[in-house]
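Here the chain labels run A, B, C and D in written order, and each chain numbers its own residues starting at 1.
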Amino acid sequence: MSGYGEAILVMLAINIVVALAGYLPLAAGQLNLGIAGFMAVGGYTSAYLTSAYHLPMGVGMAAGAAAAGLLGLLVAVPVLRTSGIYLALATFALGQVIQAAFLNIEAVGAAAGYPVKPYAGFTVVLSVAFGVLVAVLLLSRTRFALLLTATKNDPLVTELFGVDVRAIRVAAFSLGALIAGIGGALYAHHYSYLEPQNFNIMLSVYIALYVLLGGTQTVAGPIVGAAFFTLLPELLRAGSHWRFVIFAVLIILVMAVRPEGLITGALARRLRFGKRREAAS
Amino acid sequence: MSGAVFAQQLVNGIMLGGIYMLIAVAFTLAIGVLNFLNFSIPGIFMVGAIATWRALENGWPWVGAIAAGLLAAGVASYLVERFTYRWMRGLDHEIPLVSSLGFLILFENLVLIGYGSDQQTFPALMPDFNIRVAGLVIGTGQLISLVLALVLVIAASGLLERTRIGRGIRAVAENADTATILGVEIHRVVPALFILIGLLSGVSGILFAMNYLQVSAFMGHEIGLKGIAAMVIGGMGNIWGAILGGLLIGLIEVLSIAFFGANRADICVYGALLLLLVVRPEGLLGGSAIVREKL
Amino acid sequence: MKRLGTVSAIALLGALAFAPAVQAASELVIGYSMAKTGPYVSLANSNEIAADMAVDEINAKGGVNGRKIKLTKFDTGGNPKDASAAVRRFAVDDKALAIVGPFSSSECRVAFPDGERMGIVQMSMASSAPGLTADMSYAFRNTVDEGKVISDVMETFARKKIPSARAAIAYGTDDAVSKAIGTGVLPKVFEQYKSQVVSTVDFSVKAFDLSPQASQLVQAKPEVIGFGAPPEMAIKLATELQRQGLKARMIAGTTVADPDLPKRMAPAGEGFTIGTTFFRDLNPATKAFSAEFEKRAKAAGLPRTEPSQMDAATYDIVLMYADALAKTKATGDDANLAKERTAIRDHLAKLKNHPMLEGPISFGANRDSIKPIYILEAKQAAWTLIDTHEPK
Amino acid sequence: MLEVENLTVRYGRITALAELDLAVPEGRIVTVLGANGAGKSSLLKALIGLTPIAGGAIRWKGEAIHRRPASERVKAGLALVPEGRRILVSMTVEDNLKVGAYHRDDPAQVAREIDAIYQRFPNLAERRFQKASCLSGGEQQMLAVGRALVSGSSLMMLDEPSLGLSPIIIARLFELLVELNKGGLALLLVEQNTNMALSVAHEGHVLKLGRKIAHGTPQQLLADARLQEAYLGG
């Protein structure tokens, strides 16, 4: 494969991981605008443990994921008292606070950034991303996924069925944070350098866009969304500096034509049904 | 810190708050009435300022240039309504958000292509645009923004409270279906509101350019984020809250810079926002907002 | 079936788009990592003109080793991830011998380790964050140490007896270079020149309101303010200081070396003094370069037509590469690529007082360049040369 | 005055109303009866313009109005008192009434009519500057009717006005409706409270699962087995 192709696939893999991190809470109706913050926690934790204590990269990544997940759990409890747009804004504030905090932590270089020693190459990044994808796919076939949708569509009725809606929400939010931590760790070890400025609000917003543009109803949605945002600017390279203008117009048009996202549940069912039909014939 | 410096810092904070107010009001109108976190507002803010700057560069008189800036901002906001809100009314509140971000990217990149990423110098209205009282320096431009923000908000509040279109807007804010059966023309009220939001953002952008003598493609980012914080702190949907929130954010920012350094300012500002959202999500003046139930 | 067709069409499209660029074997390829989109577009757009100028000049004289030079370009948008993709593309797909760029320090931090793993030289024209090339061997920067530059500014002040007993420091906290200047470089330089630091203020490089910082500076009444941040912030601070009524001379290193700066900050910037590595009216060569650059920039419709320090550095990087290709007799053949790339590195690392547009250039132990520093003062909306420090 | 021909309303694949014919002559009270899901609310929403129609025609004073937006239909003289009242609780009582007169251009006349409503409902007058959320259910219904009145309508459509009200309040409400009708206002009354509705109406239609199954005077309908069937679902 070409060097450029590899580089793009790595970007895509990391973007799919963080898109899945945004997808889980969104499937339960929570817009997390602080995913970049959780990525930063995962990335910095793994980078620090592997660089300062020479732990193996796998251990560092696991610790990064755990740290991000734990922070998610800690903030989910108070933050999930709010809902809808309030939650989106609370997570936005949280992401800003985390970014500002890393600007002040001298142990990881503060504004100067932090070099990351162990290197995660093409194979490592793609394997880990694939693992995350499979895990989320398996999760989506369990009762949990059903509860996420139910929680999103009608929390009151879901509660009446004896489901602890709050626990479902907290779980979705924390799991998303954990996956964001994995994404951040992959970023850290592949790109070998962390700066707080990398984890800004626009990154969080773009991740939310991956999911919303792709569709929040199936796991395929965030994947397609991440691919759209990763590959389209590359395909538009010929357009030189007009490429982001074309890109923006495409976002607006896609949302106008398919406001529920590119991949809706109905479309996914039709595709799956079609596949079965093909297999049968 | 001496008393004189502290007094100057208070003035600085209030003046900065004056800049945040108008943009916070624009956000609060979009959220309060339409339940729409309109991310294109920082872009419209920038469009208003850039258009004014271009007109001035082309030798237009001040009044004409400002009119051009306001027109550009109004048109930009109308476009956002036409291609985001109108097509997606009644869907999840995240969806127009995505398209409004598309517009932010669009506006910024168009300006980037046209005029580059450099900050451009905005001509000064007069050589020393300041008032000096008892050792305090007060920016006239900022003072005008502050007063204008208050006047515009009183006007907007009056418009909402006392006029027919204002009642229509409030009716739509509470329940679009009910407003429809009462004969409110949603297809007119909503675009009108968007144009109002665009004009407020545009005024804010132009005042910003006059005060800080600069325009650039990304000028709306920082102020947009602070504007959102100000809106939430005051209470979403409450225009008086936006005023209070703008002032508070301005003061928190300036005082935290003065006491703890610029590195800590964002922690203070957004930490306050986070704390408020956890403790009192409806905001400081949330009780009397345009509408509460549906958020 | 139909779906299969669609899927394969998309796959084909993707394969086409991401396929390596095919090159003619007769050319020597140099990669150019540039930022045509994103936050650095204005500064980096003009670099491209300088790079093209250098390539055109070399090829007009018959190229190198009997072959033409070919510059393959990749737009990073100022984004570290794209700078990393650029290195891979140049090294693997384009079989480039060396890489011009990347532009910013953030990009270098990610792209340099990649270049190290792939064994290909990169040379940045703008990155000046300290310590970026430590632990590397293929990473070069045609930029100078900010500590040296600012110390030269103070040396000039001492020579010319410009008052600088009371000093203040103003710097950006959320940018690596700015913070290093504010917390590392400036305190040391002021101590060395016996200036008392009476106030230190910091700000975010994204800030637009510097009134709280200016109020603190006004209170401290310094004679000279050491400044570490991008040029935009210099304009903001100078304007705000003038508004609050402080007259003090600001000094800075290469981070603010924008040819248009005095014009953009006028009249607030009067007396602003910087050290830089390029001055357009220095000699016939720089004047000729500037004239040709201006012509091309106008033709390209760029807003700024006067070459900056980064433009001159880019031009010199291409010329240094051409020289290295000639001296190492590079062929660009696949079989010898790795060896030739390393030979280029070894040649460049040994460069001493090599005559270039910017003046004689050498590379130090950490492969950052050592070259003359020109001290410029803003007078009546233009830079004037007040002193030159040749490398020792 | 109002003529409905072949009206069909669909939500996706579900047909809520099929080929309905109906007329409300000037000054008359017409009631539409039926169980839950019979299509009564869909009919009113289609008439006011809240739900698009899938077929048929709606004529108002001889003119086809089914392609016009709701705001124009209100302006032309149609008013709807929706199910559940739909009072704007974030606004004051007075503002609710003023929104009712949204499209009217004669503020002085509107002010007089609002005063008349206050005289009729002293409870509302007492709370004119308070938020409508502080009103009781009965007061809210009066406000909803008042709001429809100030729109200057000549046909008032009411969707289940008696729902959730005490018998005393219901009785007062129907007294009021009869009085308004005597003043010349035509009414289209959708009710589950069959007896109450038929006691005031001039004629009635019975719907079942979106189709009309009976039509006649109250006396005819009360004697008609199909009315029982509509509710018992037999």
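The rule is simple: contacts are C-beta pairs under 8 Å (C-beta built on N, C-alpha and C of every residue); 3 or more make two chains touch, one makes a residue touch a chain.
Since this is a predicted model, take the numbers as computed values, not measurements.
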item: More contacts between chains, B-D or A-C; value: A-C
item: Chain whose Cα mean lies nearest the overall Cα mean; value: B
item: Gap in Å, rounded to a whole number, between the CA centres of subunit D and subunit C; value: 74
item: Computed distance of Cα centres, subunit C from subunit A, in Å; value: 34
item: Where subunit B and subunit D are represented by their mean Cα positions, the distance between them in whole Å; value: 42
item: Averaged-CA centre spacing for the pair subunit B and subunit A, given as whole angstrom; value: 30
item: Of all residues in subunit D, the ones touching two or more other chains; value: none
item: Where subunit C touches two or more other chains, by residue; value: 37, 41, 173-174
item: Shared interface positions of subunit A, touching two or more other chains; value: 103, 110-111, 241, 244
item: Touching pairs - complete list by chain label; value: A-B, A-C, B-C, B-D
item: Contacting residues of subunit B [partner subunit D, same complex]; value: 164, 167-168, 170-171, 173-175, 177-187, 290-293
item: Residues of subunit C defined as touching subunit B within the complex; value: 37-43, 45, 173-174, 201-204, 206-209, 211-213, 215-216, 218-219, 232, 235-236, 239, 243-245, 264-265, 303-304
item: Subunit D to subunit B touching residues, read off their complex; value: 48-50, 69-71, 73-75, 80, 82, 86, 88-91, 95, 98-100, 102-103, 147, 151
item: Residue ranges of subunit A in contact with subunit C within the complex; value: 2-8, 11, 103, 110-113, 115, 119, 191-193, 195-198, 231, 234-235, 237, 240-241, 243-244, 271, 274, 278
item: Touching residues (chain side subunit B, partner subunit A) in the complex; value: 31, 35, 37, 39, 83-84, 87-88, 91, 93-99, 101-103, 105-106, 109-110, 112-113, 225, 228-229, 232, 236, 263-267, 269-271, 273-274, 277-278, 281, 295
